[in-house]
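Look for chain A in each of the two complexes below; its partner is chain B in the first and chain C in the second.
== the complex of A and B ==
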C-alpha cells in the first residue's frame, strides 16, 4: 500500500514536468507494453476467458494458478483481463479514429466553404454536443443490438464534433496564412490546399487530441458496458468485468481491482503521451519562431 | 522597350464593400491600365495601402473576398483572364504567371520540406514522375544559386536563412518558367547585402520573362526597372521610363517620394517628408486624391485628373511640373 501511495505524488511530478522527454518516454514505453499485451493476449492467457470452473469460484488474489483470482463463475480474472485488451482498446481506438476522421473532414470542410455548408456542419456539431449521449447510445443499442461495431460507431458518431470544432477553429486560422495564398498562386487548388498545406499544420493538435480522446473513449466504453449498453454480456471487456464485480464488492473486492486498475493505467499512459506531445510541439514551435 | 506584349491591364477596377455596412463600395484599384512586354521590368511604386498588392493579386485572379473586379480587363498572352473560371485560373497560376512574396518566412509553409513544395509546384503543371520532378527541383535550386541543393531539398524553411528562403521562393516562382513574374516587395524583409544579391539574381534570371516589381523602395526600382508606375489611392498617378521618373518627376507626389528618400551624399541626411497622411482607401475622395497634401493645389484639383501624356510620360495631375521648372 505504501508503494502505491508513494507512486501517486511521483505521477503528479511526471504530469507537471516541463521536460516532455520523460513524459514521452514513460508514456511511450507503457503504451508499447499495453499494445504487446493486447497483441499477445492469446499466448499470455492461461485459461479460456469464458470457461469457468465453479469449484474454484471467487478465489482471492495470488491464488496458485490464478494470479488475480477468479470471479463468481470461477473464470480466471487475469485471462479475462488479457482478453479484454482487444475488446476495450479496440472499441476505444475504433471510436477515436472514427471521431477523428469524421471530425477532421467536417472541420476542414466547414473552414473551407463559407455559407450554408459551414452553418450546417457547425450546427450539427452543436446539436450532437447538446444532445445527451446516453440517450442516443440507448437508442442505437436498442435498434442494432450490442456488439463491437455498434458501440464503436455510436461513440465515434457522438464525439466527432469535438474534433470538428478544434479542427475548424485551427484551420480557419491556417487558411489565412500567407503560405496558403502562396500555394494558390502556384496553382494548387481545392482539396489539395487542405490536405497538403493545412492538414500538416494541424498534425500536432490532432496527435494530442488523439491521445486524450482515446482515453476518454476507453472510459466511455467501460461506462456504457458497465451500464449494460456496451459489448455483449459475455464478452470480457473491462466495463463488463466491472459491472459483474459490483455485486461481489464485499465478498470479492479483487474482482473490481483488476479491470479498474488496468483502465486507470491505460488512461494515465494516454494522458502522459498527450501532455508530452503537446509540450514537445509547443517547444518546437517556440524554437522555430 | 519593344517586344510582344505579354500582359495588359485595361481600366481595372477592384471594389470592396465599405466596412461601415452602408452598402457603398470603395475601389482598392481604381481604373488602372498598364502593359508589359517580354523581357521588360515594370516597377510599381507606392505607399502601403495604395493598391499595389491588390493590383498584383487581381492580375492572378485572386482578389480576396469580398472584393471583386467591377470593370476593366486583364489580358495575359492574348487571352482574357478576368472572366475565367477558378479551374482555368488555377491552371494559369504558376505556369503563365508566377509570384514572389515579400516575407519568405510567412509564405513558405513551415511544416513542409522545401523539396515537397517544389515537387508539388512542378507536378501541378507537368505530367512528370516523382524522380523527374526531384531532378527539376534540384535544377531550380541550383539556378537560384543555393549551395548544396541536395541537402536543402530536405530542409524545412525555418532551417534556412532569410536570403536562402527568398531564393527558394524565387525558385518556386520560376520553376515552371512563367513568362510573367510578379515580385511583391521581394527584398523588403531582407538586409541590405542580401537585398543586392536577390535583386541581382532576379535580374539575371529574368532575361526573357517580364517582371512586375512591386516596391516602396525607389532605390530598388531604380536599379531594376525599365519603366515605373507610381500608385496613389488605387490609381496610377504617374508612369514613364524609370530614368525620367526618377530624374524629372512630374507629379507632386512622385517628387515628394523622391525628396523623402534619405540622402547621405554630403554626410548629413536630407529628408523631406510629405506632409499629412494618405487618405483612407475606404473613404471616397472627390477629385485628385493627393490634393490634401499638395502644395500646387488649386480649385481645379476638385475634379479628378485623368492620366495624360506629358513631356514623354503619363501623369494624372492638373499641375504637372514643367520641363523648365525641373531644371531650374
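== the complex of A and C ==
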C-alpha cells in the first residue's frame, strides 16, 4: 500500500458504509455540473459582472431579476458568481498544474539520482512544507502585484513539494520493480525508464493528489483574494466577493452566501473525487494481490 | 530519554538553513520591488530624499555587501525601523506574538474538545444511521474554508443572535468567535481522523480481549480504543501547526485580532519591509520551535519513536 501516506488524514469514516462507486458518482455529476456552469458562464449570466447600478444597490436574495441579490454597487451577484468560475477555477487549476509538473519532475529526479541532488531536493521540499505557505504567498503577492498569473505562479511554486514528496517515495518503490530492472538491463535510457515505466505507475496517486490539491489551491486563492492580495480588485473572483461581503455583514448578510456556498460545493466535489479515486485504486491493488 | 548532543547540533543546523532560506527570499523580494528607496519614501518623495534614504540604508552599495550587512543586522535582531511609525520593527513584532499564541493555543484546545468526542462517537459504530448522517455533515464541513466558517459564525452569533461581539480583543467574550473560527480550520479533518482511528482500533485484538474480560461498551470506547486512536490524531495537530499559523493570519484579519498575522497583512499593504521581515522571521522561529517541541513530546509519549534520531 503506497498511495496512502500524505493522504491518510483524508481517508475517513465513510470508508465502510460508502463504496467508492457512490463517491465517484456524486463527485462526477457535481463536477459535470460545475464544468457546464464554467463553460456557459457568459450565456447564463444575465448582467455584466462589472456594471453596477446605483438604483439596485444591496437588493436581497430572490429579488425579481436578481436571484441572488445585488452587491454594494448594484452588481448582480449571480452574474458575478458565474463570471467567477473561469477566474477562481482557472487560477486554482493553473497553480495545481504548475505544482504537479514541477513536483513530479523534482520527485522523479530525486528518486533517480542518489547523492547530493536527492538530498538537496528533499531538504528544499521539507523546508518549504515546514513553513506556513500563506505567509510567504502574502509577501510575494504584495511585491509582485495582484493578478491571475502572479497568483497561479506563486501558489504553484510554493506547493510543488507536496507532489515531490509523494512522487519521490512512490517512484523509489517503482524503481525496484522487476519490469523496471529488466528495462535497465536491456539498456533503456534513464529518462525513458522514468517516462515510460515509472510515470504510468504514478498515475492513480497523481490523480488523487490533483483533486485534493486543486481544492487546496481554490481555498488558498480565495483566502488571498479575501485578504486583498489575490486577483485584481475588480475581478469577480469568489474570494473578492467574500472580501466585499465582509464590509456588509450587517447590512447585506446574503452577499457572502453565494460565493461561500460555491467554494464549498467545488471543494466537496473535489474531495469526493479524490477519496473515490483513492479507494478505487486501493481496491484494485488489493484485487491484484 | 537519552540526550543526544549530535542530534541537537543537527537540529540547530536545520534551523540555521531554514532561517537563512527565509531571510534570503525576503531580501531578494525587496530587490524585486525595483528600487527599495522608492518604496520607503513613497510617491511623494523628492530626488534629494531618495538619495538620502539610499545612503542611509546603504542601497547604493553593491548587492553582495548589502546582503552581508542585512544578515549581520538580522543576527542581532536588528530589522530596522518601521516605515510607518519609526518604531523598531522587531519590538513591534514581538508585542504581537502573545495574542497570536493565545489564539492558536485556545483554538487547539477547542479543536480537540470538538473533534475527540465527536470523532469517538462517530467512529464507535460507523454504520448506525444517525452517525452516517453525522459523518456526511463532517465531510461537508471539511470542505468549508475557515474564513467562510468565520463569516458564517459572525452572521449567526454576532448579527443574528447578537450574543457575541464580532471584532476586537477585549475580554473573554471577544475571544470566542476567533477561537472557533481558527478551530474550524482543523476540527472537521481531525474529527474524521479520530473516527477512522477509533473504528480501526475497535477491531483490534486487545479490544476483543477487553470485551471478553467484561468491559462495557462505553469502557471499551473511552478506556481502550480512544487512547490508542488519539496518538495519530495528536500527531496531526502537531504537524499542522504551520497550517494553523496560516489560518491565524486570516482569522486575525477577520476579527481585527492584534496578532502577528494582522500586523503582517497591514505591513504588506504599505510594503513596510522592516516589519514584514521581522514578522516572517519570528513566525519561522515559532513554527520551528513548535515542530521541535512536538517531536520531543512524541518521543516522550510513544517509546517506539525513541530509537530514531531527533
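As a working rule, the second predicted complex is superposed on the first by the 270 of 289 C-alpha atoms of A that agree within 3 Å, B and C clash if a C-alpha of one lies under 4 Å from a C-alpha of the other, contacts with A are read in each partner's own complex, and residues count from 1 in each chain.
Methods note: a residue touches a chain if its C-beta (ideal position, glycine included) is under 8 Å from a C-beta of that chain, and two chains touch if they have at least 3 such contacts.
Because the structure is predicted, anything quoted here is derived from the model rather than measured.
In the superposed model, A:113 lies in contact with neither chain B nor chain C.
When the shared chain is aligned, chain C comes close enough to touch A:143, but chain B does not. When the two structures are aligned on the shared chain, A:186 is found in touch with chain B, with no touch to chain C.
When chain B and chain C are set side by side, the one touching more residues of chain A is C.
When the shared chain is aligned, no partner comes close enough to touch A:51: not chain B, not chain C. Residues of chain A that lie in the contact sets of both chain B and chain C are absent, per the superposition on chain A. Considering their complex, residues 8-17, 123, 127, 129-136, 138-144, 215, 219, 222-223, 226-229, 242, 245-246, 249-250, 253, 256, 260, 263-264, 267-268, 271 of chain A touch chain C. Contact residues on chain A toward chain B in their complex (touch as defined above): 177-179, 181-189, 196-197, 200-201, 203, 288. Put simply, chain B touches chain A in their complex at residues 60, 62, 86-87, 90-95, 98-99, 101, 103, 106-112, 120-121, 124-125, 158, 169, 172-173. Across the complex, chain C meets chain A through its residues 17-18, 21-22, 25-26, 29-30, 32-33, 122-123, 126-127, 132, 135-136, 138-140, 142-145, 147-148, 151-152, 154-155, 158-160, 166, 189, 192-193, 195-196, 199, 236, 242-243, 245-246, 249-250, 253-254, 261, 264-265, 268-269, 271, 276, 280, 283-284, 287-288, 291.
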